[in-house]
Each structure stands twice: as structure tokens, then as C-alpha cells.
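Dumping the structure here so I can ask a few things about it.
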């Protein structure tokens, strides 16, 4: 993935946070996006990390969710049992970020194994907080690089439910949140169809065409009638992002 | 007294109360082959010194429980200490894979590793139930995922609303090990910063060991400080720097570049074994 | 966006985030006739000023929940604010009875009072379930007692061990009210000392009000401090001395002699009514 | 009750704490007894109050379980949910104190109502922490003044289980603790029979005879073959108790 497309993902994710108050953040692109939102349009956005840091205001991009800078700048630091039971589970948090190794057309996610569960070709890290972020946050944003290997017609394992088998499944499962409202990739943005919940290509990043996105998708991707082109990063966004990334030591920037 | 109270079989025996002992002695006394052991610490305060002592004492057939196996369990698994891993997210944070754990799962090297995996919330609920003396914990989780078929979770129905929720079995390790900033001479412990599930680990475990950066005359309560009293801790051992390459807020910084270099060290079996020989097996005990 | 997110009916609406408002306005906005209201504070930090404002605004038909009704609910019950009381220990600590509550229960004065009683652990588990977004909590309780027949409790079977435990329904008050030492101008709140079930009360309630001793520019985290962020608090109101005759550690001492004199004041209906007229109804709002 | 018999109750309760490490304490006589134990034979006794104060070392006798002095001197102050879930429920605490308005021959307790539940002649405070202290502590000590109105053949309401209907009932109920090992009254000490669990008079306080105790008991009280006489308060005990009581303001001493 080029630096430009990685930047585009982060910028689009950051914009999607506008108007929201609280955000459950993981490390990497989500953390960068959330901090970019704080540095641009949403200075009061409350960042919540699963390590128990509520209202963290890191001055440098954290390298782990347990980074000391998160605890030092947080409004409150609570235990891990508390962050899941009292803060995530009841549906208090507006936006949650997700990523995975595989996604399907209903935005279900696999971060567990490639291949059979009992004899995986690749053992992935596993669930972490994703399944409950996906069910409890009022909505989620998925950040993933797009390729036929990651955007698949059938998941090897369903770690995290997006829309399950389609419309109505989240309600049937008793989930409180609305589910993945955007899948932001290095090529464009996919959103769930309001009726079927199947992902539809709605935005292309500058310079990307529909054919390229369809070629990077392992199922017959639906395309919106009026696909828009994502606005490129503004000067202000780019400047803020550069400042943020400068806070991460160079030697670790590729981690 | 008319009734002589027998020592009823208790799930929380306390061999001693917060005795300050040598780390090697504590591991020898508390950790036995075949034990279920939880070495906790959520990114912060990971008890590496205790894990290295377990490796040096060549414990075998352990069941290892931990939310995030991290490098600490990559090392224990790669050094043949464990048969079984209970976890919820097994990666090198921000870097990539835990190569030793993957090698064990994918290619049974140095031996097979049975996995029991949860979500963070699910495994946390297991610790909380264990600390609370309950046989199970309840949460909203697992519904609709393939995890439900692959782990210890069962449906439980709310007797008031009829709603179905997930029950997970209590986790009560034989030994819980955590690292903290300070102990006093009575064996009371204080930790601060991100404190994860460390208190629950101590309280859920039959035996517990806390390694500390420093033993002080008197604990001075700190903002965000969690104090665990001596009488629920089996032993305390001094292990300054014992959380490296993790960190102990107020004492050390996370060694991010070590986490990064671990990717290379651990990718190859020989490089890993050589590194462990030099830096753990033949290293002087702290 | 393709999907327009409706404002889904949420159990935790937040009308505003930690706005600092006048106490009288907060009570007027947040507490309505017929509401289920929890004014919590375990001996320490009892929100008397808020209760007095509820009395002055003559709220009626409230369901009052609280572990220890204490003088605060004796006053609300005696002043005809409540139809129903959910509690676990209803006495004047170290002194004796709550005469107004007894009068309501035993002689329906000034009106009948329906009781729902729990053990401390049971009612606490109800708050915790409420704060956790679960429909019920699980604990070891009620077995073998007559309480089990008289309160909302149901058996629940552990799906792993077959053991029977007690389930209690979540408590989600319409309004949760607590007193704390400090708020900052954003409406973040800090309390310290004995903090009881106050955080759970805020988190379990649809709306919440925190009265505080002091509004500061910036909260300085304290040892033992519990910080509750602005975005889960509906409103904050300044009420210095608002916990009297209870206390606010660092600001005031418990007025033990008032607790003692309450025994006399509250024993007689007329004495009580007169005292309330002078000291609450006709008192200037703080 | 005379001052002497109140003193005797506290002193006997204090002695019963010898050799124990942890004690769950309520206000009044239990708190005085536990602090007397600390002042005499057990300086390291850990006092736990249900307000969340663990290891409280009050310098004056607290007037409420939420007394500021308890929090200030405690090793740790935890929330009320935590004290019940993590500390009391798992059976970590060795000795718990109980009191009540009524007790029966199996040391079951009533602190809820006198008269019918729906139309009580006297509405009592209710359960508080007693039922779980009774089931979870490894053993309990009951402190109650003895009279036919309080030591009754049938409870008006069973708030707290002692031995239920007799031997085996605690095990059947899944209780972890051994139950009430002593009922300490102003007249003497009752202990459960090892086989039947029925309370048996085992100690008389100095100057009390068996007839007086039987007359103060609403059932046909069993008496041990070898009833002992309680040792009167020693000089050290009396001195420590006087010192403790001097810490409570006079105006409040009768509360």
C-alpha cells in the first residue's frame, strides 16, 4: 500500500468521526485517525482505549494500547474488567474501530485463522476486543486494505459479526449498535445497503476506478449509482497528520 | 469450642501472607509442572522476570492464561514450558505475529499447543468470576460468531426478561503472577497506571506471587493506585526492572525497540533458542 | 451515508454532558413525579441538598432506591414524596430506627410505603448489572432465608457446574443522584474516600445528577479518587455542604450529633413536620 | 443490660478473635470487640468494614461503618460492589460478626420484622450484609442480649441462616463458612452441638446461674455437662477497653 493510500484511509476515518463524542480506539490507523480528528475538527472527542484509559489525550501516537502516555493524559484510568463491563458493554460508546484479516460482503470479520481452525495455515492473533466493540458500539468503522485475499466471499472463521447473514440478523442477535457504517479501504469506501445490509461501493479515493476496486474484492461487489470521489486530504489535514506522525520515533514507524 | 473447625478444603489457601522472598525460591515453591498459571499485566507491568525464572527452572506442561500472550508467553511456549494456552489476543502489539506461538500451533514446534481462546471481555469475565467466588460470569458476547463453537461458553437465560446471554466459566489459576511498582515490608502491594486484570488475577488464583520494582517502608497511596493487602498474596519478590521490555510506570519506559527486534529474534527457531540461552538461561538471576 | 442512523431508543440517553447548572433547575429538569430515583452515598457523601430540593419541589409517587435509606429517605418518605422503597438496611446507624419510614410501613403515615428489600450484596449486584447493561446479576445469596420469598430474586443454574445461584434483576433508575467533592468546568467529577456504589448509580441511571462541594478549574487526581467523565453525567450542580449531616471527606465531618438528635426530631409526626418546614421547605436554596 | 454485662460481651468476643487474621466488622459491639482485640492480643488483626475499608486501624471507635477515620487508616478502600463480590463472597474472611432482634435454637436470625411481614408490629432495619456474612465468612460470632423476646422458639422472619433446620443444612445450601461458632450474650456463651448444631450453653458469665439463662431463653435451652465460667475481664482488657471507649465522644456513647 502506498503512503498516499494509507494516508487517505486515516483521513477518511478521521472525517467519519465528526459530530461524534466518544470513540473506542485500537492501535495503528484507528488511533492515528482518532488523534487526527482531535487535531482538526473534533478537539473534544473522547478517546477510549481498552487498556482502561478514558479520555486519553496522547501528545505522541501510542505504540501500544497500554502506552504510558495514554494513562498519563487520560481523564480516568479504570481496570480492564471495568472498561468492558461498565463502559463498552452497555453501549455508551458511539464509534468503534475494527480491522481484520478477512471481511465478507456483510462486513463480518475474521481475525482468528486462515485455513481450518484445527490446522490453520496462518494462526492470526484472535478476537481481542473486536466482537464486543462490534456488537456494543453504536456504530463501527472498519479499516482494511482491500485485496481479493482479504475481501472474501466466505470467511475462514467468523470472529466478529458485522451484519451476519444480512438484514435483521443484528436485531435477532440482540446487538445494541447499528453495526459497521463504513468500510474504509485504501481504494475507497464501502457502506451497507439500507435494505439488504450488503456492502456497496460508495466512494472512490482520488485516482482509483471502480474496476480496480472490483478486482480487489473477492465477491461481485455492488456499486452505488452515484459513486463519489473522496475529497483528497486538505492542507490542514495533511499538516496535522505530519505533525502527529512526527511524534512516533522513526525506527518504529514501520511497526 | 464444641465444634472443632477442620481446615475445610478451601479454594483459596494462603500458604503465607505476603512474605517477601527471593524470586527463585518463590517460583520453586509456587509453580509446579502441570499448573495452570496466569502471568498478567495489560501491556504495562508484564512480569517478565518471573517468566524467565520459570523458564530457567524448566517447568513443563503448564496451562498458561493471559489476555494478551505478548512476548512473555511467546518465550514460555518457545521454551517448551506450556501445553495449553488460554488467551484472547495473541500478537506482538503494533508489530505483527508472535512467531513462537504460531510455530507451536501451526507446526507443533517445539511441541503442540492446545488453544482455548476468548474475547477480551469473555476472558476478563472469567477472571472476575474467579475472583468473586462464582462458578461463572455473564456477559453479552460470542453470539453469532464461530468462537462460540470453539471455546468454553454456554448460553444462560435471564430469569426476569428471558433474554439469552453468554456464560463463561470462572478462571481460578493455580498460580497468579503479576508485577507491581511497590511492596511494603508486610507484603502489601501498590500498583498504578494501567492495572489491567492484575487484582483479579491475584484474587482468583489459589497461590499468588507479586514481583515488585521496590520494597518500601510504607506505601504512600498514589492517584490511580491499586493496593492489594498482604493477606491475599502468597509471596512477594523483589525484581527491579522485572517488567522489561514492558514497563513499570514511574520506574521504566516501554522498550518499544525491543518489541520490534523480537520480530526478528523470534522468527527463526535457532535465533530464538540462542537468544534465550544467552539472555535467560545463562543470565544471572535478578 | 447510505444508512441514516435513527436515534435508536437507548436506555442511556444523555440530555447533556455534565452541564454545570443550578440545583433547583437540575431537580426540576431531571426528577419527575413517579420516577425511580436513587440518591446514593454509603454513609459518606449522601446527597441531602438534592433530596431537600426534591422535597421543596414536592415530587410525588417516587420509587426510592438506596442501600441504606438513612435520614435522607426518612425525610423524603415523611414528606410524602415516595410510594415505594427499594433498600437493604434501613436504620439510623448506631442510633436505632428510622421513625418516619417505620411510621409509613407500620401505620401508613403520611401514606403507605411499599417495600422491596434486598441484602446489601443483592442490591449492589442490581446496581452493577444496571451499570453493565446486563438484565441481571449473579451472586451467592438469599438461599435458605425468608427474604427469597419477599423480593425480586430467582434461581439461576451454572451451565458448567450445575450449581444454583441467585439472580437479581438489574436496577436502572430513571435518575441517579450522588454528591462528590469536586467537578471541573467540563463537568468531570472526582470523589474520594468511601465511594460506595456511586459510580454504578450514575452509570446505571437513565439520567444523572452530581452535586459537588466545589467546582475547580482542573481536577487533580487524588489517592483513592474516582473520576467520572462528563459525558456520562447529565448535570452537575454546586452544593457546598450538600451532604450534611453526612460528610464530604476533605470538606466536612459527619455530624454525629445531628444523627442522634434526629431520633427525637423524627419520632413525633408534628415535630418532624415542623422541623422540615423550618429547615427544608422554608430554607433558602443553597 | 448493665455496663458490666455489656463489657463482658465485648471482652468475650474480643478473645474469640485470637488466632484469626481477618474479621468482617459491623458498628457497635463488634467494632469495639475487634478494636479491643487489636489493642490486646492481636495487633495485626485485619478489620474489614462493609463500606469498603480493608485493614482499617481506627484510632477512635467509629460511629458508623462509613466513618471517615476508617477510610483514612485503611490499607485499601474499595467500592461497595468490590467488598461484597471480591472480598466477602469468595470466603476470604475468617470471622464475621452478627447481631439481630431474634435468634432461634439453630442460630438463625431475624432482623426484618416483628409480626407478619405484610403488617409488622415492628419494622426492623432489614438484612444489610448479614445473610452473606453468615454464609461466606469461615465462621461467625453472634452478639445479642439474651431475653425470651429475642431468644425465641420460632423466628417471625428468617433473615439470616445460622444452621437452618439443623445438621447438614448449611452444606445443602452450598454455604462455604462453618456458621455461627459462638453466640455471645450478656449472660454467657452458647455454642452449636457438633452433631445436631443446636445451641448449647457452654459458658456462664461471672455471677450468672444456669436458671437465669434458661429463663432468658424462649426454648428449652440445652446445657453442656461442664459449663464453664467465663474469665472476668483482665486488668489489661479493662484498661484497653476504657481507653477505646474514651475515644468516643460522651454525648454519643449511648447511641
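As written, the chains take the letters A, B, C and D, and residue 1 is the first residue of each chain.
In this section, contacts are C-beta pairs under 8 Å (C-beta built on N, C-alpha and C of every residue); 3 or more make two chains touch, one makes a residue touch a chain.
Here the structure is a predicted model, which means the values were calculated and not measured.
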(Q) I want to compare two interfaces, A-C and A-B. Which one has more contacting C-beta pairs? (A) A-B
Q) Roughly how far is subunit B from subunit C, going centre to centre by Cα mean, in whole Å? A) 38
Q) Using mean CA coordinates as chain centres, what's the subunit B-subunit D distance in Å? A) 39
Q. What is the distance, in whole Å, between the centres of subunit A and subunit B, each centre taken as the mean of its C-alpha atoms?
A. 29
(Q) By the touch rule stated above, which residues of subunit B touch at least two different other chains? (A) 128, 133-134, 139-140, 163, 199-200, 224
Q.
Please output the residue numbers of subunit D that touch at least 2 other chains, ranges allowed.
A. 85, 89, 136
(Q) Is the chain-to-chain touch network here best called a line, a ring, a star, complete, or other? (A) other
Q. What chain-chain pairs meet the touch criterion?
A. A-B, A-C, B-C, B-D, C-D
Q: Write out the stretch or stretches of subunit D touching subunit B in their complex.
A: 21-22, 46, 54-55, 75-76, 85-86, 89-92, 136, 138-139, 176, 178, 181-182, 191-194, 200, 202, 224
Q. Along subunit D, where are the residues that touch subunit C in the complex?
A. 27-28, 50-53, 63-68, 70-72, 77, 79-81, 84-85, 88-89, 112, 117, 120-123, 125-132, 135-136, 157-161, 164, 169, 173-175, 249, 251-252, 255
(Q) Help me check something: in the complex, which residues belonging to subunit B touch subunit C? (A) 133-140, 152, 154-156, 158-161, 163, 165, 167, 169, 220-225
Q) Considering the complex alone, what residue numbers of subunit C touch subunit D? A) 42-44, 67-68, 87-91, 93-95, 97-98, 101-102, 105-106, 117-121, 124-125, 127-128, 139-147, 150, 163-164, 193-197, 199-200, 224, 226, 247, 249, 253-254, 256-257, 259-260
Q) Given the complex with subunit A, which residues does subunit C contribute to the contact? A) 1-5, 8, 10-12, 17, 128, 131-134, 188, 199-200, 203, 227-229, 231-232
